[in-house]
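Common to both upcoming complexes is chain A, partnered first by chain B, then by chain C.
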Partner chain A sequence: MPMPISYQALIEADIDALQAVGEAWLQVSKDLEEHLATLDDYRTGDLKADNWDGDSAEAGRTRIKEFAADLDERAAQARRVAAAVEDACSGFRTSQNGMTMLAGMIDKEQASLSADGTVVPNTAKGTAAVDYASGMQSQVNAHLEDATAADEALKAAVALYAETLSTAEEAVLDQLAAEEVGALQDLIDDGASPEEVNEWWNSLSGEEQIAMLENHPELLGGLDGVPTDTRDYANRELLEAELDRFSPTLDADIVALQAEIDQFNDGAKFLNSSYDAMTDELERLEAERDRRDGLNSLQDAIREQAATGQDFYLLGYDSAGDGKAIVSVGNPDTADNTAVYVPGTGADLSGASGGLLDRAETMALDAGDIPGSGETAVVMWLGYDAPDNPALDSPRMSYAEDASAPLSSFMSGLESTNADPDGTNTTVVGHSYGTTVIGQSASEHGLATDNIVAVASPGMVVENASELGIDPDNFYATVAPGDMINPVAETGALGPDPTDGGVNFDIGAGTFVDWHGFGGNTFTSDNMEGNAKEIHSNYWDEGNPARENLALIFTGNGDQAS
Partner chain B sequence: MSSDLPELEFNLDEAFLRMDEAIGETIARLPDFPGFYERRTLQLKCAEEGRESYEISYTLPEATIGSELVTMDYFEVLKEHWPAIGYEIHAERKYPDGNPKALEATRSDGVNVWYSNMLGQIVIHAQVACVRAEGSPVCGPPLGGVLPENDNHKHCQLVTPEETESADAIAPFKDGQAMLRPFEQPGREPEGFDGQL
Partner chain C sequence: MSSGFNLDPDEVDKVATNIFALSEDLYGSMKKVVDSADGLSGAVDTAAFIGVSEVIEAVSKWNDELVPKHRFEIEEFAGYLVVAVRDTVELDGYVSSAFDAYAAEFPRTEGVPAPELPARDPADAVPSAHGPDIAV
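Showing the complex of A and B:
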């Protein structure tokens, strides 16, 4: 049972002191990160392989890396506690201010407020005074309940993040989670919308939320409508747990099995029945190793802060198949601008922790340069199975069709968790086949976004920007001269070229058709003097004007894009 | 940056030093230079395995946002200064109202410098495209009086001037390390540029 906060305690609470505690936690986090950076500098500098070689050196570097990972986890914990304290301070201040205002408003002819928070009616004034006191008492109680909820949430958050839960407290959280998980499972089974999920989440007390996060991260990590910081925590826990499940002898097992297989000469391969089984097993182990390495790369990529100084948020991941990942640079729930980047053909888990995430980081950095624009969060959304082969897979619509509902749901989820959805400028930007996904999703399910940007699009399924569910004036497209996508877009196989205002080739009819243009705006990109294939990928490269234009659009200055 | 990538005369070890050097050369002749507020680094993958692109960005102080000096005059200065020191200007962009948006030039060693006006906020980027990802990237102290807390050098290891001296053995620059000397005061030109530009 929560310990209720009394009227006197709320009125007299020194919230500034608590605020200072939160700031101290934040400072601890920053200090740890500084030490982390120093260690990393040693590992990749003075202690790098060029300077220190051999088994001891390798073991030393590995130990430092492990230690750094531990340090990073501690820094993240301290940061989370600081955020929880900040939230609690905000809640306490609201309740304290509300209570103070209420005390000043009480009509002393009708009732009086006693030192323990009881509103005592002036019975000489009859039943009207009793009713009045009852109404005021309800308001007093509401403020006390809010303060108590903030206190319980803080207590649970500190216990969870700082790992100070006692066995008894864990049992309480287990019980709370057991009571709530059924409701969540029902929501998921019924296909609840992100808004409904968000309503459910907000209906939980802080303690219940912590209980669910602690006990069921697998249900929350990828669930649209759950706040970003909660999803991030859940997914990082899941990622860590999945990595722990890989056999510690995996690499050695592969080497040993390969050595056994190498013993077979050509004749023995056919005669020995175990040969095929061994090669199959080797293939399985190698696939497992690749999966582990991909997840390790993802974990490494989001460990430290981005070049912008923003945190990374892991909003979802899946190691099956080519892998999927949704990573945000900055928190879209609190940012002033949010851009969601949908990559195209060839995108996989390896890219999600490499080049694709680099692009998101670059876009966030560029947008941050626009004065007065506030913070821009950029989400790299690889929440779909992207085509692997540009010639064989990319002409097919099935990938976009499969991605259509998840992208729409994700955008609705962001809208529902946003602290100020009306005040946030939101953009969905696709590259290559990612634009086809966006077109399909926008036209089939709708996208909760203000702007849509198509970079090097092969076609967006729709005939006109007006079919994307946004004001066509908020649609932007670009393609660089010489991009290999240009002839593909001209076929019209995936819809008309969104940068083209003129003639398109109708592949079905086998003829050129005249049409009235896609609508919206176009902006300049440079081919950076690359070949057709390179041009298709270098929109985020050094000095490409596409970067300036994307930053302008993301921050609500699309009229300055050119 | 075609697939027949031209061999740059340096690798990852030197990339950040070269970029800082190019920015130092760029600002050396900007009158009443206000100094920098922040330094940041970026990394981008290249299509070709084993190569990476890097970028350093310096932002000018908030007080300069929208000033005629940095959003107009410096463009004109750089149009003369860059060619004078052997840089080739290859891009010039304007806003719809005709005001300068960006100017870019390439140095003979392949370092690209990008003077960018983001709605009044000036950012000077230097970039190297697709260097061989060999070695450990180091960077010297930031230019233009950037305070340590505003120096976000995520992708390179900061070396002190003494260490930079030793790095000279693998990263020889003409006339030593003068280009890497941080500006002590905003607006002060590095003495080491005298006679070199």
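Showing the complex of A and C:
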């Protein structure tokens, strides 16, 4: 057990010197990010296949990608070390200042503060002075304990992030985690709310938090109420570990098995009992390969910084089925504005690392263009199994019903981990079936958000914006002329058209109904001269006014959206 | 095996030079951490502040082990480009003898040392499209 920091050591510590080291670590992180972006530019530019061809060239490009990935991991580590140092500096300064104030407050008639931090009573003043000194000593000790806790947290964080963890230190963290994991498991089993999870997390010492992160990333990665940077670290670790578990010979195994299968002629296929087993095995291996490739794409997509200069945060992922992923452009815990984008039909893991994430990045870029808006984090929330087929799946409510509780929990989690929840402008924006999910979740469980936006909605389950649990003035909807969703929304199958664009058809009654209005606001989007299907997806295209309108809403300027 | 540059050799050289420069930048930014950490022992009682002591240990590990490893990889690749563009024939992977032959041509800034690392596993050499490299 380390000794607590002494009074003298705390008072004399030059925290500015430590701060300077933290800033240098942060600069290393930024330099590394810049370098790996440059390397990637070479790989896809001067050294691309058009300019450098052949097997060795391919191997060379692969190698650039590999060491760029290593640099990226190193950059993240340096950034985390810098953050740990900054946290520690803040803790040390609080303790130092508290101690200085305390020293000034001591009533010299009653007691004096010695150089070693002992509060010595003036015995001439009797027991009152002894009691007074004892009280003051408790306060001195409290400041020293706080400083010691900050120091222990710094040690654990640096050891983990900078890879200096010794076996003995690891054993200490293992022990701490073993003592805490039961409490966390109980919370999870009891269905604790994100607020309760956050309360538990904040009750841990910094060292205990690091211990849990090192030992149980699988419990923390997807847990609402755990801070964003912690979830990101946990999920990246889990993703890396999952990728490592794929067989290194997977591609070769598929090729070899395919070659064996190709040997069978049509007659032999029916006569040979192993043929079916082999094709089944091939199917399994190919599914495995697709899963691996999807995860690789996700890892690649969040490797560097976003075009906004913000970092990506992986708040959750699941490779089962179509796959799920929650990725944020920027840190929603510290951003001035947060938008959570819920995609619709067809969304899957490959989209989460491709077009869907591009949209989130685009929205963050657009928000950054609004003067004086501060930082906007945009989360791509694919925390649900989206419908695959617009004709067969999208009319069904089951997807939205299954997504309802997770989305609500996620939003509550963001609220609980936000450094300034009252000062952050939060928006949930859905596209297509994503708006149905939002409507279901908002009306069933409630969404911790200031604004709700529906882009090209087929219906949001509720009949009026007032049922979404927010001020209807903070509800916004848009649909472009000619969007294929218009006739779908008109059916009212998933609820009335939130853009209130016309008369709705009530399927239950089998009649058109005279609609009284959904409420809220509408804003303009353009069809960009696409066909009905293209229009449904081009809201994020360059030049579409929907983009600026979204940016205005995200940044608290919704009254200017038009 | 076929391979070749469709780029002007001077362009390839420029890329290689820039990649070497990345390695030197890495050295430079790590050196700033080292320099700032140098004063830490006198500024904070590191016997009392075990976290600060860990920071110093981390700086040392990164400066002595981790960053040189990355620099080595980066420079090895840049060196490979220099070698490959001078040899008109395809190199079957990275050949250390050729690398050494052109080492004098690698751009280096005075005062920035080359990363020194112990000999490593030949299997890790670059780039090797078809199994182990010829020589390391």
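Here, the second predicted complex is superposed on the first by the 549 of 562 C-alpha atoms of A that agree within 3 Å, B and C clash if a C-alpha of one lies under 4 Å from a C-alpha of the other, contacts with A are read in each partner's own complex, and residues count from 1 in each chain.
To be clear about the criterion, a residue touches a chain if its C-beta (ideal position, glycine included) is under 8 Å from a C-beta of that chain, and two chains touch if they have at least 3 such contacts.
The structure presented is a predicted model; accordingly, all values stated were derived computationally and were not measured.
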item	value
Side-by-side fit of chain B and chain C on chain A, or clash	fit
Chain B versus chain C as contact partner of A:529, first or second or both or neither	first
Partner chain in contact with A:13 - chain B first, chain C second, else both or neither	second
Which of chain B and chain C A:257 touches, first, second, both or neither	neither
Touched partner set for A:151, first chain B, second chain C, both or neither	second
Which superposed partner A:50 touches (first chain B, second chain C, both, neither)	both
Contacts of A:397 with chain B and chain C, given as first, second, both or neither	neither
Computed vertex angle (chain A) for partners chain B and chain C, CA, steps of 10°	70
First, second, both or neither for A:162, with chain B first and chain C second	second
Which superposed partner A:552 touches (first chain B, second chain C, both, neither)	first
Which of chain B and chain C A:69 touches, first, second, both or neither	neither
Greater chain A contact set [chain C / chain B]	C
Nearest-approach distance, in Å, of chain C Cα atoms to those of chain B in the combined model	8
Footprint overlap on chain A, comparing chain B with chain C	50
Interfacial residue positions of chain A with respect to chain C in the complex	2-3, 5-6, 8-10, 12-18, 20-21, 23-25, 27-28, 31-32, 35, 38-39, 42, 46-47, 50-60, 62-64, 67, 70-71, 74, 81, 85, 88, 150-155, 158-159, 162-164
Complex interface listing, chain B residues touching chain A	1-3, 40-45, 47, 53, 55, 57, 59, 62, 65-66, 91, 93-96, 101-102, 104, 112, 114, 116, 118-121, 123, 125, 127-129, 135-136, 138, 152, 154-155, 157-158
Chain C to chain A touching residues, read off their complex	1-7, 11-12, 15, 18-19, 22, 25-26, 29-30, 32-33, 35-37, 39-40, 43-45, 48-55, 57-59, 61-62, 66, 70, 73-74, 77, 80-81, 84, 90-93, 126-130
Chain A - residues contacting chain B, complex	41, 44-45, 48, 50, 304-309, 354-355, 358-359, 361-362, 365-366, 369-371, 524, 526, 528-531, 533-534, 537-538, 540-543, 545, 548, 551-552, 557, 559-560, 562
